[in-house]
Structures are given as structure tokens and as C-alpha cells.
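In the two complexes below, subunit A is the common chain; its partner is subunit B in one and subunit C in the other.
This part shows the complex of A and B:
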């Protein structure tokens, strides 16, 4: 593989024919060799961003796309040297597996013998040895996406672009392919941009994640940043499950109707309205009589999920607190339990939502 | 096996309808090989009439084949790129594309005589053109073009052609390589269906051609009308027989093509 490529987007905006902006002007830098995941709900602009980088769309005037030091803004996709994997595979139905993989090599006029050898290498790389002569309609969905991946990698692209490549597959297969993909991306060290709406995929594959919302970047960070230190309410809600309780700040904690939540930095002043957030898995269930119990609530319902149990607990707030525990125990609806959240697990949003800035 | 009365009633009705449709064809074919149709089959069978048609009208047959093939070439060269452009323009859903498609259908809806008359009024004064096969060809292309464009457009819209092209482009294929390497092969079933339709329609076209033709540019169907009008019934019928022998294999081929392209698994 070539040495990895860095990519920069400068003030890239995209407005489609109907006048509605699909993408507000964004700046984004993708480091050489990293896997960057663009994550967000449908219509958030993640696919548009990917297509801008691919050269399938062009930014509005003033926007620039840089590959390394080259300004490729005006180059169409066929001149950019990118590899692309599509959600619905986009394999050529008129060609065999091998011919699909070799398509880009043929365009580059690689001699047939060399091409054949390269096909074998690639088939092995995606664990499809010996399937080169199959027709495309004889493959399963997972196999098709492996072929698509091999086809994209065949031309040794400078960057690999993946547009929801696992979305069309069933859950089990998705996980296997995700693991393989992860391994492959690490091994190749190729700069990769991965679009998905699945946060699990984003966390598992991304070196960094860009969470997008309505054509804007809501937050950029490592999976840990995004999960533990969401920059906005949107990110907090979109990634994982988040509990939110409101109360009044006191020194060192937040006073809520059902008890207290520790809060080291209560945004300065005491006696202020504030909201604290914490993840379901960070809540401990403690016996009622323990001195450590800081909140009390009534179990509303329980869901046994095998590896964990999820409880919905009414703490007298608008929304029940969701608790996930790995403890083996049985709780019943109506039971009163004590809860405790360790201080380090409590998050508070910045008072104003500045995108890209996280609370420390 | 036991069938109800209802079954037999339906069967009888179906057979009657079939007979109603087929009897004229059979009669026509028989007339073409009968010595004297007014006397009846008892007058004996002969290939004399077929031979006479071959002698008198052979040129119209060749002419029809040449025009049909030329028509096919023109509709391929014009229709396929046109369908491609309609399919690609604003994702194939643009108003312009729909209006254009409707306009293409106009010569099919408008009586052929009117189309032919308009052509003669507009270009009749160019004598050489007026008297040449090209003039007939223009009429045929006008009439058959939508039958090429429509099936090709349908295939191009239903297969995920846009994404396939994007994939090809990402692998470095330029416009031409994409068109010939990806677009054409994946629209092949539509192109084939359109091609057979165009040839069949062109060979049988009468309305426009009847108005446009000169004695030197007479085609098969016009010759057929000529034969029925001016010669013995048996000659005209023999002519029909020859026409059927040409057209039936094409219709069968057309069915076969649509069948195979339908059973092909769509990605």
C-alpha cells in the first residue's frame, strides 16, 4: 500500500437543487491511516460528506477538498484514486467475482497474468478463496460485500470509503464481517472513512468518530470521548442510553426529589437548576438500608437480557432512571431499591452547546 | 378425471374464441396454396401462387428486410443513448424526461397517415430524398423509436445502474468505459427486447409506408395491399403466407427473450 494519505475538508458546504442545505460549511481533517467514522441519523449529511470526499458530489463554491497537499476539489471520482464500498454492494452483475475484482486493474491495463495473480491474493485476503469464477447472483450478501471490498482494494486506493457497508446484512453476519473489516483496516493501515448510522459499528471500527446532526458536526472525538464526554444533548441521546435527572445544585452534589447525585463541579454556583446525566451501566443497585444509597426509587419493570438485567426505576422525575446491572438477582415491579452513581460517572453538559467542545 | 359442466362450458367458449381468431389465418394460408379457392380445396394444392409472389414481389421482401435492419441500427444508435440520458437526468425522475417520453410516443398515437402527410409536406420537394428508401426509413424510425427507448429506459431505471456506474467510476473508469463496460451489458435485456420489437414493427408497418412509398420503394405490407387489390385472391393469400413465415419466428424469439430476461436474477 502507498503511504497513507491525509484528507482535509475546508469550508465544504452542499446545497442540492431544491435549495435546502444538505451540509453546512464544515471543516474536517482525517489523519493518515486512521479510520474515521461518520455517524448520525439519516439525513444528517454523513453520506453527503462521504460523497464530497469521493468526488461523487462537489462542494458549493468556496469549499475545498485536499488529499495530502493536492487540492482535488474539481477532480471527478475516477481521477481521485479512491476505493469505495457501497451499501447495496454495487457489484457488476454481468461479470464473475474475479472479473469484478479485476475491473479496476483492467482499466489500468494491468497484464492478464498479473491480474489473475492479484485476484487470487485479494480473494484470499477477504476469505473467498476459489470463488473467482462464481456468478454474482450465486453469492450470499456477506460474500458479495467481501467481493466489493476486494474490488475496492484491488487498485490500491489512497483512501477507502465505505458507505454503510454492513447495513444490508443480518445481525450475526454483520458482526463477523465487522471483525474482519477491523482487522483488515488495521493491517493495511489505509486511511478509511466509514459512514454508518449504527453506533455499535462506529465504536468498534472508528479511531475517531464524527457525530453529525442536520448537516453539522455535533462532535468529533475518540469513541471514548463520544461515549463518556458527549458535547451536546443530541450526542448524549444518540449514543447509547443516557439517564437525565434535574434538580438544584448544592455543594458537591445535585439535589433531586429522590435523593442526591454527586456532582463535583456543579457549574460554579449553588442553588441553581441543573441537569446531571449518567449511563445505565454506571448505576449501582444497593440495599435500602445501606448508608451508601443516595437515591431511592420504585422498580417499574425489569428486562432480563441474559448477560445483564435492565430495570426501569421511578425516582419521581419525568423519566424513569434506566439501570443495567450484571449482578445476578431478581427484582420485582413495585420493589423499592436504593441506587448510587459514582461521581466520576456523572456528566453535565456545558450550559451552552458549543459543538466540538467537551466538558472536562 | 371428472370435470364439472361449468368446466366444459368454459372450454367450449375458449375453443370457440380461438377458432374465431385462427380460422381466418388458416383460410388465408389455405387460399395461398389452393389451385382455385372459389372452387374449393378439391381443386388441388399448388405452390404456383407462392412462386408467382416470389417472382413479382421479391424486391418488396428484401426492401422490407433492409429497411427493418436500417431502422434497427438507427433506433439503436439514437434510442439507447437517449434512454440513458433520460434515465440519468436528475435521477431519472425529472419532468423533462417524462415530457420527452410522451413526445416520443406521439407518432404512435397520431394516425400514420397524418405523420406521413406531414413528412411529405415538409420534405416532399426534395425529389431525390422523396423517392429514396431513406424517406421510408425516416417514417419507420419515427414510429419505432419509442419501442426501443421504453424497454431500455425501464431496464436502466430498475437496475441500480447509477450505483454501478459510481462503482465503476471509483475504480477509475471514464465515461466511455462505463457506458460500454457497465451500462450496455446491464441493459442488454432491454436492448434486445427493444430491437426485436423495432424489427417486427418495421416489417409490418403499413400506414406510414403506404402514404410515403413510390412504386420503387414499395415494402412488403404495401405490396400485400397491392396484391389483394389488383390480383387473384390466391396470390394475395400466398403473400400473407410468406409474411407469416417471416414474422412468426421473430415473435417467438421476442417471447423467448422476455422470458429469459425475466428469469434472470436481479441484483
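This part shows the complex of A and C:
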């Protein structure tokens, strides 16, 4: 594999014909060998960003795409040395697995034996040993995506671009392929850009995640940054489930109707309206009659999920608090329980305008 | 009805020749004259892309003049040498070309004939390769679902199959399977007719047939080698006639442009000539 490539987008905007900007001017740097995930809801600009890098779209005037030190802004896709894997595997149904892989392979001057060996290596890489002679329509969806991946890698691309490659697969298959893909990307050390709307995929695969919202970058960071330190309500809502309770700041905590939530620095001031956020898995269920119970509420409903139980608890706020516990226990609707959130798990966002959209 | 298909015109302006060799304007002029003179006059002509050579306004102006003598309605669709905005501006009276913007894909349905014509736009700006848009496939699926009984031809520039001619496959359609999945659901699709290859090629595709049309001026060299050099040859130019009948279905003929010796009779009276 070639030494890894860095990619830079400088002031890349994209406006489509109808005049609505699909992408506001963005700056983005992708490090050599990094797997960068573009994450967001549909219409956020993530696919447009990928297509700008691929050469399937071109930025509005003033935008530049750099591969290493080369400005590739004006180069078409076939001159950029990119490998692509799509959601809908773009394979040729009239060719075998091996022929599909070799199609992308630049076999100029490569002797037949060497070519066959190369195909075998690629098949092994994607765990399809011995299937080179199969017809494409004899493969499962997951196998087809493995062929698509092998074909994209065959040309030794400078960068691998993946556009929702697992979306069309069923959940279990998705997980297996995700794990394999992760291993492969680490092993190859190739610069990869991965588009998805699935936060689980993003966190499992990304060295860094770019969360996008309405044509803008909402946050760039490691999966931990994004999950533990969301930069906005949008990011907090989009990644995982977030509880949100409002109250009045006191010294060291937030006073809510059903108790208190620790808040180390209640933005410095007491007696202010504020909102605290915390993840369902950070809420502990504690006996009501102990000093440890800082909040109390009535169980509204419970969902047993096997490895954990999810409870919706009414704490007298607008929205119930969602609790996820791995404790083995049975809780009943109407039961009153005590809750506690450790201080380190509580987040408070900088004051901003509420977007008006909520997601549970 | 007869649908005539003409492809890969590569018209240049100011009398320039394509690749410094091919007088593409003269080739098209001859073809148009020949189509007008056909004994069985086509009901319509569809031009399957690469209408001009560099997507320039003055090239489209020349094209417009060259097509003016056609005595039947004609429909244009873009190929990798075309530029959507310039094409639209040169043919403002062709209502089907209109779009929400200059660079919007040119995809439309012609309902005026017994054979329904649906066109797809495979152009990636500045690239020789082609791509189908996912949104276009949703549109196509919807359009085909509306009239499942109407015999339909899908016309597009890049063929959705590999041809074996390596340098052309290298600049082929990057996601043909999207189309295959849609076409397979709609058995009324009689044919997927394409250009790009400058040769007549057929294959089975999505439960129907897909084909490419000869170039109307120059042909791509027949060389089924993945390492074939990118070359053209001045074999006879051609076009195709897709002849639709209720009972016969769609029958496709390839015709050649030019003056050829003949015709000669096979028989003298009722005797085969010895």
C-alpha cells in the first residue's frame, strides 16, 4: 500500500441548482491513515462532502480539495486514485467475483499468474477465500459488499471512500462486517472516509467523527469527545440518548422539582435557570431511604433488553428521565425509586438558543 | 413505430475536426439526410449523448443547424462530452430539457409514441465515467410503476454493462447495478439503449436487453483486451432503427451511413442468379 495520504478541504461549499446550499463553506483536514467518519441525518451534507473528495461533485468557486500537497480540485474522479464502496454494491452481475475484483485492478502488463495471486490475496483480505469463481447473484448481501471492498482496494487507491456501505445489510451481518472492516482499515493504514447516519457505526469505526448538521460541521472529535463532551444540543441529541433536566442553580448543584443534580460549576452563578444533561447509563438506581438518593421519581414504564433494563422515570419534569441499568432487578410501573447521577457524568452546555427539535 | 437512435456525434465548431481527423459535422449531415430518405420513415429520433465534443455553446449552435433538416421529432440526452447548461441554452424550445437549474440532470419521459421513451442522465461533470443518481433510480421506479403495460425503452449514454474493451470499461458506469435492480422489477422495459461505445454491442441485462449504438462518425477499435489502447477507426458510421409492433415486439436493426454499391437482385425472374 502507498504511504498514507492527507486530505484537506479548504472553504469547500456546494450549492445545487435550486439555490439551496447543500454545504456551507467548510474546512476539514483528514490525517494520513486516519478513518474519518462523516455522521449526520439525511440532508446534513455528509454525502456531498464525500462526493467532493471523490470528484463526483465540484465545490463552488473558491473551494479547494487537496490530496497531500496536490490541488485536485479540478481533477475528475478517474484521475484522483480513489477507491469507492457504495451502499448499493456497484458490481457487475454478469461477471464472477474474481472478474469483478480484477475489473478495478490495473492489470496492464501483469502476467496471468501474478494477477490470479493478487485476486487471491484480495479475496483472503475480505474473507472470501475460494469464492473467486462464484457468480455475483450467488452471493449474499454481505458477501457482495466484501467483493465491492476488494474491488475498491484492488487498485491500491490513495484513499478509500465508503458511502453507507453497511446500511443495506441486516443488523447481525452489519456488526460482523463492521468488525472486519475495522480490522482491515487498521491493518492497511489507508486514509479512509466513511459516511453513515448510524452513530454506532461511527463510534466503532472512526478515529475521529465529524458530526454534520444542515450543511455545517457541528463538531469534530474522537468518538469519546463527541459522546462525553458534545459541543451542542444537536450533537448531544444525535449521538446516543441524552437526559435533560431544567432547574435553578445552587452552590454545587442544580435544584430540580424532584431533587438535585450535581453541577460542579453551575456556570458560576447561583439562582439561574439552567439545564443539566446526562446519559441514561450514568444514572444509578438507589434505595429511596438512603442518603444517596439525590432525586426520586415514579417508574412510568420498563423495557427489559436482555443485557440491561431501560426505565422511564417521571421526576416531575417535562420529559421523563431515561435510566439504563445492568443490575438484575424488576421494577414496576408506579413504583417510586431513588436516583443519583455522579458529578463527572453531568454536562452543561454553553447557553444557546434552543433549536426547538427534540429527539428521545 | 420506428424509433431511430443516433449516437456520439462529437460535433465541433468552426469546421474543426475531432481528434484532428474526423469531420463529425459532415458525418452527421450525411446521416440526417439518409434518415430523412429512409423508405420507412422513423417516427422519432433519440440522440444518446456525446452530442458535441467539448460542451461548448458554439458547438451546440452548429449541432442545432445540423439537426434542423430532420423531418421528425427528435430528443437529446447528454453524454460525458456534453455540458447540461450549454445544451439547455441551445435548445430552449425543447421543453423536455428544462430543469430546475442549469446543472440539474436531464431525465425525462416522452409519452407521444406507442413506445414509451424514458431517458437517464449518467453525466459526472468533467469526468468520462458515468454515474446513476440514487434519486433518479427512485424516479425511474415510480415512472415505470405508473404504466406497467406500456412497452418502454430506456435511453442513456453510458451502457450499464462492461464490454470487454478495456479502455472503454475504464470510463464506464460506476454503479450499473442500481439500474439492474429497478429494470428487473419492470418487465415492460423492452430495451436499454445506450451510446458511448461507438460500436453495436448487446447483452442480457436485468431481464431485458441492453445495447449500444454505432458511432455516427467514428468507431472505437474492436479489441477485447483489458489493455487495449484507446483508439478509434474509420469503419462505416451507423445508426439504429428500433422497430416496435404490438405483435412483433421490439426489433432492432443497425444501418450504415454512406453510399454503397447496389442494390443488386438475388433472383432473375424466379431463378436464383448463378
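Following the convention adopted for this analysis, the second predicted complex is superposed on the first by the 343 of 360 C-alpha atoms of A that agree within 3 Å, B and C clash if a C-alpha of one lies under 4 Å from a C-alpha of the other, contacts with A are read in each partner's own complex, and residues count from 1 in each chain.
Methods note: contacts are C-beta pairs under 8 Å (C-beta built on N, C-alpha and C of every residue); 3 or more make two chains touch, one makes a residue touch a chain.
Because the structure is a prediction, the values reported are computed rather than measured.
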{"item": "Overlay on subunit A: subunit C relative to subunit B, clash or fit", "value": "clash"}
{"item": "Partner chain(s) touched by A:82 [first = subunit B, second = subunit C, both, neither]", "value": "first"}
{"item": "Which superposed partner A:16 touches (first subunit B, second subunit C, both, neither)", "value": "second"}
{"item": "First (subunit B), second (subunit C), both or neither touched by A:58", "value": "second"}
{"item": "Which superposed partner A:296 touches (first subunit B, second subunit C, both, neither)", "value": "neither"}
{"item": "Touched partner set for A:228, first subunit B, second subunit C, both or neither", "value": "neither"}
{"item": "Subunit B versus subunit C as contact partner of A:151, first or second or both or neither", "value": "first"}
{"item": "Partner chain(s) touched by A:74 [first = subunit B, second = subunit C, both, neither]", "value": "second"}
{"item": "Superposition clash, subunit C against subunit B - the stretch among 25-33, 43-51, 61-69 or 223-231 that is involved", "value": "43-51"}
{"item": "Interface residues of subunit A shared between complexes with subunit B and subunit C", "value": "17, 56, 76-78, 84, 86, 88-94, 103, 107-108"}
{"item": "Footprint of subunit B on subunit A - complex, ascending", "value": "17, 54, 56, 76-78, 81-84, 86, 88-94, 103-104, 107-108, 136-137, 148, 151-152, 154-155, 161"}
{"item": "Complex interface listing, subunit B residues touching subunit A", "value": "90, 159-160, 163-164, 166-174, 177, 181-182, 185-186, 188, 265-267"}
{"item": "Sites on subunit C touched by subunit A in the complex", "value": "99-104, 124-129, 131, 134, 161-162, 169-171, 174-178, 180-181, 203-205, 226-227"}
{"item": "Residues of subunit A that touch subunit C when the two form their complex", "value": "16-19, 55-58, 74, 76-78, 84, 86, 88-95, 103, 107-109"}
